[in-house]
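Chain naming follows the written order as A, B and C, and within any one chain the residues start at number 1.
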Amino acid sequence: MDDYFAELGELFERFNVVGAFWTNIQLTFWAALIALALGTVLALMRISPIASLRFAGTAYVNVIRNTPLTVIIIFMVLVVWTLFAVTLAPGFNDNFFRLAVIGLAIYHAAFVCEAIRSGVNTVPVGQAEAARAIGLPFLAAARLVILPQAFRGSIAPLGNTLIALLKNSTVAAAGSVSWETASTMRLMIEFRPDHLYLIFFIFALGYVVLVIPIGVVTTWLSDRLAVKR
Amino acid sequence: MSSVLFDSPGPRGRRLVMFGNVASGVVVAGVVVFVLVVLAQQGQLDPALWVAALDGRAWQFYYLPGLQNTLRAAAFATVGAVAFGVLFGVGRLSLNPLVRVLSGVVVEFFRAVPVLLMMFFLWVFFSRQLTWVPDRPYAAVVVALVLYNGSVIAELVRSGVRNLPRGQSEAALAVGLTGAQSLRSVLLPQALVAMLPAVISQLVVVLKDSALGTLIAYPELLRATQILASGEQNPLQALTVAALVFIVLNWLLSVLAHRLSLTLSSRTSGKTVEGVGIGNPVAAPVVPEPH
Amino acid sequence: MRKHTIRLMAVAAAAALSLSACGGGEVGEEPTEGATTAEGGGTIRIGIKYDQPGLGYQDADTFTGFDVDVATYVADKLGYSADQIEFVESISANRETMLQNGDVDMIFATYSITDARKEVIDFAGPYFVAGQDLLVAEDNTDITGPETLEGKNLCSVTGSTSAQKIKDNYATGVNLLERPGYAECVTALGAGQVDAVTTDDIILAGLAATEANAGKFKVVGAPFSEENYGVGLPKGSELCEDINAAITEMIEDGTWEELVAKNTEGTGYTPNAELNPPTPAPCA
């Protein structure tokens, strides 16, 4: 038993599991912020009076959500960094971390947009009519009446998107962020294949522990903040 | 759908919009030119690279066999996921608390673990423990996709049954069916029809996630593309083609899902759910769309 | 209502079955059905890389490269003609388990002989001695070895330890980029975003020798490790002696030299002459 724990200690000393999870949490946090902003703009575009903006928003969503995330992350490095020499930070590791954040945000913004649109659909038509009746133009109606209610109605799908984003942050492995969880787990398994079950269990448990609170909080928030009609 | 939010623009508004469109058109054109100039400087517009990524040889020996493997994995994973989802979705609705809790734990676990971790684990697990499994990277891809997407479908089944009007189960009980019978012959069939479009949207998720198989050398579309690119040294060109194949295929599936949800809504008392294709069921809007 | 559901399910299942009926399209290769082991006659299954031009590469419906040529030569001496060989992809992480599980009869896939690997599998050979080296732009003069990489950008493929080795042992200030494939590393090198690509010298030579890269890159030519490429065999395989005899014959009749030259043509690459051609080690 002591040997077993000694081996475990060695495994954890050699591989920074907590650091790996911290990387995924940070990737998720920054990507979520950017995706929320971009997704809101896209949702506004998709319900806006201007046909070309609607077209652009729809095109973005249809292209991005049908592309594998792996491809988007690979393109961030292959096209944006390699060919266009876009550098987001002086250090290599920071740079690829930020490129991965942008890639994750671009992908998940399409889903944020759809989540907000589904929230817009929960706003009764009378609200929009009332906003128009008091003379609000489109942007003011959207900002003051529609979006605040829409956000409340879209908390559940936004929470699902956040959970998906957290799990998808492992795909940053394809963008040279080699110190995140999926890569770390792979290295650990290659190093100690005899501890396969334990290693997988630790990582799986880590995600369960992170995902379940997000689910609980978003369900609670969505019940609490739902506009009672 | 948004007509209630704004008037049709008047002459001044139309002029403004026109001006905006022209201005953004110019900006977009400028960006495209810039991109092409940079790509040309980098030698990426060399026709030889593009021909090698687009010719018959590339399709016959790389993209199409790869796509066949992608579709094969996706098809099996979808059928398996539906079976898994119905089984555990019904399990979560069971009257037996033990079955309910166990199904809940299984579903929540597999929904929480990233597919990529699952694939890595299963790949090593099959290679070391279940050596009788014939095509192990393939099996790892399919099983990982079944476990994850099956859990998502289990949630769709559960919420599908829950979202049916209460009158349905009340009527079933009133004609003398037991709880289990009413679930089997009245509720589940309607819930399954209601969720079919969502299952097709889920197929988009399956197809996209099958691309993760490239990391365990399952010869799917992305892997085949990489092999092509390493010989022709044209990763940008080859990946662009592969991405377009994915986009077109998934877009067609999304359109199909949308059509189905419109057609099927007459066949169920529940609301058909399309899902947004991110891998998690979206709460069906309860309030009618603003029209 | 139920009929509809069942019919829809049936359609889905039928679609899945018809897809599976097409069989597994292995990229550019025939399905593996009917394959028998070497002992049973018929065909022999050989594990190779599919994505390393110049060593093991799936070129449309054929396979090319030095490993493939050596494998074909050795198989011929073992009594298998070229059309009795069935090539199987064996990526680095999966080579030992493929041999242990009997998925392949032998592996020619830039497979370095190490003590750790010898514990679980057998090796014949070596048939080539490679060394870790650097690929740089043709006109580069300031990178002459791993210790000159301080502050430079270096690319390697995901999951390979070769770049980390440089960081640990030669140049702690080197910046590492990991890409899923060599082609992306070479693209980054061509674009000037990285200064060097690292892996075994003969792999680098193979990359430089592709048509698209002709004349753009060179192998530095100062290998700083010794990788003895062996033929991976299942533990206790009886083929080892015969394979070693075939390798010796291949070296003696000049085929070896011919194959190296053919697969690295136009790169000016020559294998490390002190160690090449190697003498196969006695079988365990």
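Convention: a contact is a pair of C-beta atoms (placed from the backbone, for glycine too) under 8 Å apart; a residue touches a chain by one contact, two chains touch by 3 or more.
If you want to know which protein each chain is, UniProt gives these names: A, B = Amino acid ABC transporter permease; C = Glutamate ABC transporter substrate-binding protein.
Here the structure is a predicted model, which means the values were calculated and not measured.
Engineer: B-C versus A-C: which interface comes out with more C-beta contact pairs?
Structural biologist: The comparison resolves to B-C.
Engineer: Computing the C-alpha centre of each chain, which chain sits at the greatest distance from subunit A?
Structural biologist: Result for max centroid distance from subunit A is chain C.
Engineer: Between subunit A and subunit B, tell me the centre distance in angstrom, where each centre is the average of that chain's C-alpha atoms.
Structural biologist: 16
Engineer: Can you give the whole-Å distance between the Cα centres of subunit A and subunit C?
Structural biologist: Here subunit A and subunit C have centroids separated by 37 Å.
Engineer: Mind pulling the subunit B residues that touch 2 or more other chains?
Structural biologist: Where subunit B meets two or more other chains at a single residue, that happens at 42, 128, 214-215, 235-236.
Engineer: Give the residues of subunit A that touch two or more other chains, as numbers and ranges in rising order.
Structural biologist: Touching at least two other chains: 74, 78, 83, 173-174, 186.
Engineer: What residues in subunit C touch two or more of the other chains?
Structural biologist: Residues 158, 180, 184, 187, 191 of subunit C each touch two or more of the other chains.
Engineer: Under the definition above, what is the set of subunit A residues touching subunit C in their complex?
Structural biologist: Counting only subunit A, the residues touching subunit C are 74, 77-78, 81-83, 85, 91-92, 96, 173-174, 176, 178, 183, 186, 190.
Engineer: Considering only the defined contacts, which subunit C positions touch subunit A in the complex?
Structural biologist: Checking each residue of subunit C against subunit A gives 93, 153, 158-159, 175-180, 184, 187-188, 191, 193.
Engineer: Of all residues in subunit C, which touch subunit B in the complex?
Structural biologist: 1-2, 4-5, 8-9, 12-13, 15-16, 19-20, 22, 24-28, 50-53, 57-61, 89, 91, 94, 97, 100-101, 158, 180-184, 186-187, 190-191, 207, 210-213
Engineer: Show which residues of subunit A lie in contact with subunit B when the two form their complex.
Structural biologist: Touching subunit B from subunit A are residues 47-52, 62-63, 65-71, 74-75, 78-79, 83-84, 108, 111, 114-115, 118, 120-125, 127-129, 131-132, 137-138, 141-142, 146, 153, 156-157, 160-161, 163-164, 167-168, 170-171, 173-174, 181-182, 185-186, 189, 193, 196, 200, 203-204, 207-208, 210-212, 222, 229.
Engineer: Could you pull out which subunit B residues touch subunit A in their complex?
Structural biologist: For subunit B paired with subunit A, touching residues are 1-2, 4-6, 8-9, 13, 17, 20-21, 24, 38-39, 42, 44, 108-109, 111-117, 120-121, 124-125, 128, 204, 208-209, 211-212, 214-215, 222, 235-236, 239, 242-243, 246-247, 249-251, 254, 276-283, 285-291.
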